[in-house]
Every structure is written in C-alpha cells, then in structure tokens.
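Data block below; observations after.
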Amino acid sequence: MIEPFTAPFMARALTELALLALICGPISVFVFARRLSFVSDALTHTIFPGVVIGFLAGGLEGLFAGALVAGIVTAVVLTLLTRGGRVSDDAATAVVLTAMFSIGVAMVSRRSSYTSDLTSFLFGRLLTVSPRQIAETAALVVIVLIALVAGARALLFRTFDPGGAAAAGFRVGWLDLWLNILVALVVVAAVRAVGTILVVALLIVPAAAARMVTDRLVVMAAVGTVLILGAGYGGLLLSWTASIHYGVSLTSASSVVLLLVAAYCLLIPVRLIRDRRRRTVTVPRQRSSVHELVG
Amino acid sequence: MTPALTYSAVSVGYQGTPVLTHVDLELAPGQTVALVGPNGAGKSTLIKSILGLVPVLAGAATVLGDHPAAARGRAGYVPQTDTLDADFPVSVRQVVMMGRYRRIGWWRPAGKDDRRAVSEALDRVGLAGRAGHRFGTLSGGQRQRVLLARAIASEPRLLLLDEPFNGVDAVSQDAIVRVLRDLTGSGTALVISTHDLQVARDLADLVCLINGRQWAAGPPAATLTEQNLRRTYGGSTISLADGRMVLVEP
Amino acid sequence: MNWWDDALHRATAEVILVGALAGLIGVQVVLRRLSFFTMALTHATFPGVVAASIIGVNILVGGAVAGAAVALGVAALTRRRGQDAAAATGVVLSAGFALGAALVATQSGFSRDLSSFLVGSVLTVTVQDLVTTLVALVVVGLVLSVSARPLLLVGFDRAGARAAGLSTGAWDLVLLLTIEVVVVTLVPAAGTILALSLIVAPAAAARLWTDRLPVMSVLAVVFAVGSGLAGLWASGRFDIAAGAGISLTATAVLLLSWLLTRLRPAVSPGAAGRTEVAPA
C-alpha cells in the first residue's frame, strides 16, 4: 500500500494533495456555507486566460503569475457583480465564467494545435509536479491559512448574519472580497498540478460530504481535510494500480474526484438517519428564496 | 348553508409531528375570523392546512363542505408580499390575471369577462392606474393590494390572508379594510392571520388565539381578555389602559 | 452544388437554430436563477455522451439519459432541503466532469474529444445535427408556450401556485427537463461553455431592456441569434475558435445593454405604464 509512493513522482503528487487538503478542508466549509459553489467553479475557469497570457509572455515561469493576476481580477469582478443589480448573481457569474474562458480559448485557438493545452488545463499534471511547484503551493497554503485564521471570526459572522455583521461595523463587501480572493488563491495554487476538474471538486465536495456527519463548522473542516487526504491517497493508488496491473489508463485527477464523490454518496444515508432522529423538533423550512431552485 | 370552514379538535403538522393542536373553529359565509398569536405560533401552518397543503393529523376538518385536500384550489389565498420576487418581470395586470387562471384553464386565452374581472378588481383596490406597471416597482402596501385584487378576481367563497397588514401604509390599510368589508358583505368568508389585536377587534367576528394550540376562540370582546392573552403569549405581561390592551414582552 | 454542402452554410443555419433554442430557454434560466444548474447539466451529460459513443449508441440518447437522471436528482435534492442544493449541484457537476473525463481517458487520442466537448465544433455540424436541433427547437417551443402560465405562476409565487392547486414540484421538473433537452442538443454542437453562454447572456441582456416577458423572450432570441452570426463571422475574420467568438459576442451584447440601459434616463413609472396596451 505504501510501495507505489516510493516512486518520487508519486510521493510528490501525494505531498501536493496533502498540502491542498490543509486549505481545501476549511475553505470548502465557507464555500458550502456561503453557497459559493458556482463562484468557485467560475474561478477555476476564469484563470484560464491568465494562464495563457502568462505562458505566452514568460513561459512556464509566467504561468503562475498570470493565473494569480487573473484569479484576483475575477475575484474582484465577481464580488462587485454579485452585489445586487438587475442581472441576478448567478447569471452574472455564468457570464464572467464563459467570457473569461472564451478569451483564453480564443487566444490558444490562434495557435495551430491547442487541444493538448486545454487538456492539461483540465486534468493538470499531477504526476509531473516538480519540487518547485510544491514549494509554490506550500507558500500559498501558508498565506491562505493565515488569512483564513485572521478573518475566520468576521467571515463566520458575515456568513451567519450579514445584516448583523454590517450593523456590528464589519464591511461585508470587503469580507466577501476577502473570501473570494482566498478561493482564487486556492484555485491558483492547485490548478496547475491537479487541473480544473479536481480543483472544483476539492472546493465543493469535502464540506458537502462532511456536512452529512456533523453540524459543527470546525469538525466539518477537519472531516473535509481528512476526506481529501483519504481520497488523494486512494485515488493515486487506484490510478497506479489500474495502469500498472491492469493496463487501464485512469487519470489520477479523475479517480481522486470520483472517490471524493463516492464518499459523499456513502455519507448521504448517515445524514438521512440523523435527520430522522431529529424529526421530532424540526419543521421543513420554507425555501428562503421564492424561485431559487438551485443554490 | 354550508359553513365555509369547520374544524373540530383538529391537529395539524408535518410528518406526523403536530405543530398546532386543539383547533375548534366554525366559520359561516360572510364571517371573518382573525388568527392571533405570536410569531411561530402556527398561524401560517393553520392557513396552509385550510389550503390542503399541510395534513390534518387528528380531528375533523371541512373546507367549503369538503375535505381540505379536496377543496384545494377553491379557497383564495393572499400570501405575504415579501415571499415574492420583486424583480420578476410581471405587470400588475398579469398578477391579477393569475387569479383567473383556474377559470380560464392553463392554455385558453383570456376572454373579455376575465379582462373585465381583472380591471374591476384593480378598481376596487384603487390601483386601476397602475395596471401596466411592473409588480416590483410598487410599494409594499400597493403590492398587498394587488395580491388582494388577484384574490378578488378569482371570486372565492373563502379567502385566506397571511398577515395582510404587515408593512402596509395607512392609505393601503384603509383600502384593504374597505375591500375586505365589501367581500364579507357579499358572503365571502375571511381568515386573517395577524399579530395586531386592534385589527382583530375591528375586523373580525371571531378571534382565535393560538400558540402551539388553540387557547381561546369566540367573539373579540369575550376572547381578547387579559387572562386569555397571557395564556397565549406566555410570560408577557399585559397592562390595561383606557380599555386598550398592551402586550409587553418580558 | 447543394447549398447545404458548404460547411459554413450549415454552421450558419445551426447557429440560427441554436440561438433561438438558447434564447427561448434562457429566459426561464435567468428568471429562475438556474445558471448553475445549467452549468452542472452541461458537465453531467458528458459521461452519458462518452459512454454512448463507447458502446456505440446515439450520443444524444446517452446525454439525454444522463441529463434526465441529473434533473431528477437535483429536483429530488432540492425538495428535501434548499440549503444543500448549491452544494449538491456542485457535487453533480464535479462527478459528471470527472466521470466523463475518466471515460474519455480510457480511449486513445482523447484530448481532441475533450476540447471539442468544452468549446464545441460548430463548423463541423452535419445536416442530421441541423434536423435534431430543429426538432428540439419545435419541442421546446411547444412545451414553453403550452406551460407558460403554470411556469409563470410557479416562478413568481410558489405559495400562491400551491394554493391554486398546482403541483410546484411537477412543474419544476417540467422546466428542468426542458432545460435538459436544450443542453443535450446544444452541447455536442456548441460545447459546454458556449451553451451556457448562449443560454444566459442574451436572456440577461434582454432582461435589462424590458419588464415584459414576451418582449424579453423575443429580445433574448434576437440577441442569441445575432451573437451567433456575428461570432461566426468574427471567428472567420480573426481566426479564433467559433465557440469562443460567439460567446464573447454574447458577452459584448450584455455589456453594451448594461451600459446603454444605465445611460438611458431612468424610466418613469408613468412612461412604463404608457407602453402597456389598453385593456380590451
């Protein structure tokens, strides 16, 4: 069970995933509570033009900077756009997502062959993570964790009761920007190694799965981190075993995501049992918004 | 004549868990009952049970002579305006026309009668001049009047109003009261949930004090007593001044 | 030579049909705030499409089956509790994407399929694709016009709709399945990103110009078809991917609408009232 990870590239992949687990657990709790699933999904797509411009300007070195700039720019844009106005939040998010991604596609499509660029953006190159990338990820992990801990109390207050937070003197707009930028940083840290498919899963699934077993936010974050570690280990092992022993090419990013989703599905019954037990006191809540069918 | 509503020893609630018990109520056509109680007392649940949307768990209930679920769609309903999307692109006239949907069906185009009924209903709530405006551009009180017009347009024999005076300006309140009196005059029975005792006293023939269960019911003067209110509102104290009652939260 | 033999002619026809389809459903998607659901649907139909092409069934069937499963799943989840809906949609999205990608990766030479899934290949549509889109357009148009009133009532006032005896859950499902039909039709031709873009941006732009639903539908279709044609032209002119060109044009239409409606003097309530047709 450990033997595959003696290969340096497997060990590096697992290290990268472990680093990401540290931040994605807590961040996904906020993504869950603030219902930022769509925003996270948008951010994974919107950094694409940044990646392309960065690559064209500075090669592999520029890629990271380009992604960072694009991520922060879209975090700002999304924060501004989702503050009221007649274009509803989700429509604005969808438009930013498609527009930014299309800019990236338009740029790469001017080159003769762009499909492999796009593919590596989707899947990442988890098995070719370099020590330098791990160092960059580690630096971002530290920054994100510090920013998260520093802002945790205010962010929680704002999540739970925006009106109360504003009345207590917190600047809700800045807090929203803060959280969106943190999500963007996570995306930037992760996307090159693990690809968009895995990043969006890491941001959404852990807390949603953890929510099935606990109501407490801190526990949710911890359970989320553990789930990512487990799925990361299991997914790498699975894709290794599949390709070495069975000759099936199973992308590691996909298998990590599918294991995470499997954990979510397996935990659904736990939630149902817990709900049943509490049913004597709970009353079905009315939907908070009239027609918000989905998030 | 069939009573608009009979509830005897009724419990209502979700998934087998009662939210409100011991409801005894009989409402004749043209009568008004006010459901009075604190927030979370079960007023909305009771209204939903009359609409057939929350099951009756025990006791016997009829709505317009039928089982509530069978009478579903026949009682008019005025929801609280703040549950509606103010940004939705519907005109005032379209909203009122929704009251006619049950008559004209879902597909047939609206006829002359329907359009006349819509204009008349808007006239009665004093908003004939606003027919073309978007619903969301109106004030809270005006929105409430539009929803009332929608209920009028459906010509119900039983009309349920959920907190119709919440956040309503004085002009709108007068207009609504006037229309409600007209409706009872023409034989429509009204169920109004409110936490305003003055409204209950002025408008209702019957008052039903509820909080988790029905604590008292009957004509306003006999029902809105200090003792009954204290029982309904729990620890709140009540002082009487000039014959008026003031509820003081503990 | 037959007019349909020219790839650009076929692409032009497809773009017009796709625009009309996207514009029509877009009004519902924007008003009911279902953009994220639409996005999830585009990704979740992916494994169905791939699986169908692996076992050799029509890919539309595969996509439709997967999409219907997702629509039913989301409807069931949102019935249980609203709080988890966004997260559940996100899980469905990640799962669909990962599953589809994993399936694709088991086949050789997969990167081309994947990128065409994302950005589409409107320039390679066949006459059969055109017929499929046309059929979908007719079906969706019929469903939307027949269920206009229930959808309006359910969208605007759920409590009132239930009180009027409508089954809000059933009508939600009708809407979700209709969106699914559109997505399944659009994605193979247009790709996920373009499908989402053409559904949301023109309808959002139309919403800025008018408060009247029928006008909004017409405007959304006009904007979507217009963006499609202009984007197609730009794609040839500037040598960029057609899907990206169309989606960027649609975004430009929205931006322009936003600017123009902002610059336009605030519409007074009286003026809005006068545009109304007098009651008969």
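Should a chain be cited, it is by its letter among A, B and C, assigned in written order, with residues numbered from 1 in that chain.
We adopt the following convention: a residue touches a chain if its C-beta (ideal position, glycine included) is under 8 Å from a C-beta of that chain, and two chains touch if they have at least 3 such contacts.
A quick map from chain label to UniProt name: A = ABC transporter permease; B = Manganese ABC transporter ATP-binding protein; C = Membrane protein.
All values reported here derive from a predicted model rather than from experimental measurement.
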Chain pair bearing the highest count of C-beta contacts: A-C
Centre-most chain, if every chain is reduced to its averaged C-alpha atoms: C
Centre distance in Å when chain A and chain C are each reduced to the mean of their C-alpha atoms: 25
Mean-CA-position distance for chain B and chain A (Å): 47
Interchain centroid distance [CA atoms averaged], chain B/chain C, Å: 40
Residue numbers of chain A (touch at least two other chains): 86, 88, 284, 289-291
Per-residue multi-chain contacts in chain C, two or more chains: 31, 155-158, 207
Multi-partner residues of chain B (each touching 2 or more other chains): 83-85, 88
Chain C to chain A touching residues, read off their complex: 29-40, 74, 78, 81-91, 93-95, 97-99, 101-102, 105-106, 110-112, 114-115, 118-119, 154-158, 172, 176, 193-194, 196-197, 200-201, 203-204, 207-208, 239-241, 243-245, 247-248, 250-251, 254, 258
Partner chain C, residues of chain A touching it in the complex: 32, 35, 37-38, 40-41, 45, 86-95, 97-99, 101-103, 105-107, 109-110, 114-116, 118-119, 122-123, 197-198, 200-201, 204-205, 207-208, 211, 248-251, 253-255, 257-258, 260-261, 264, 284-285, 287-295
Residue numbers on chain B that touch chain C, as the complex places them: 51, 53, 72-73, 75-77, 79, 83-85, 88-91, 93-95, 98, 101-102, 106-107, 112, 115, 118-119, 129-135, 137, 147, 150, 160
Chain B-facing residues of chain C, complex: 31, 146-147, 149-150, 152-153, 155-160, 162-165, 207, 210-213, 216, 269, 272-276, 279-280
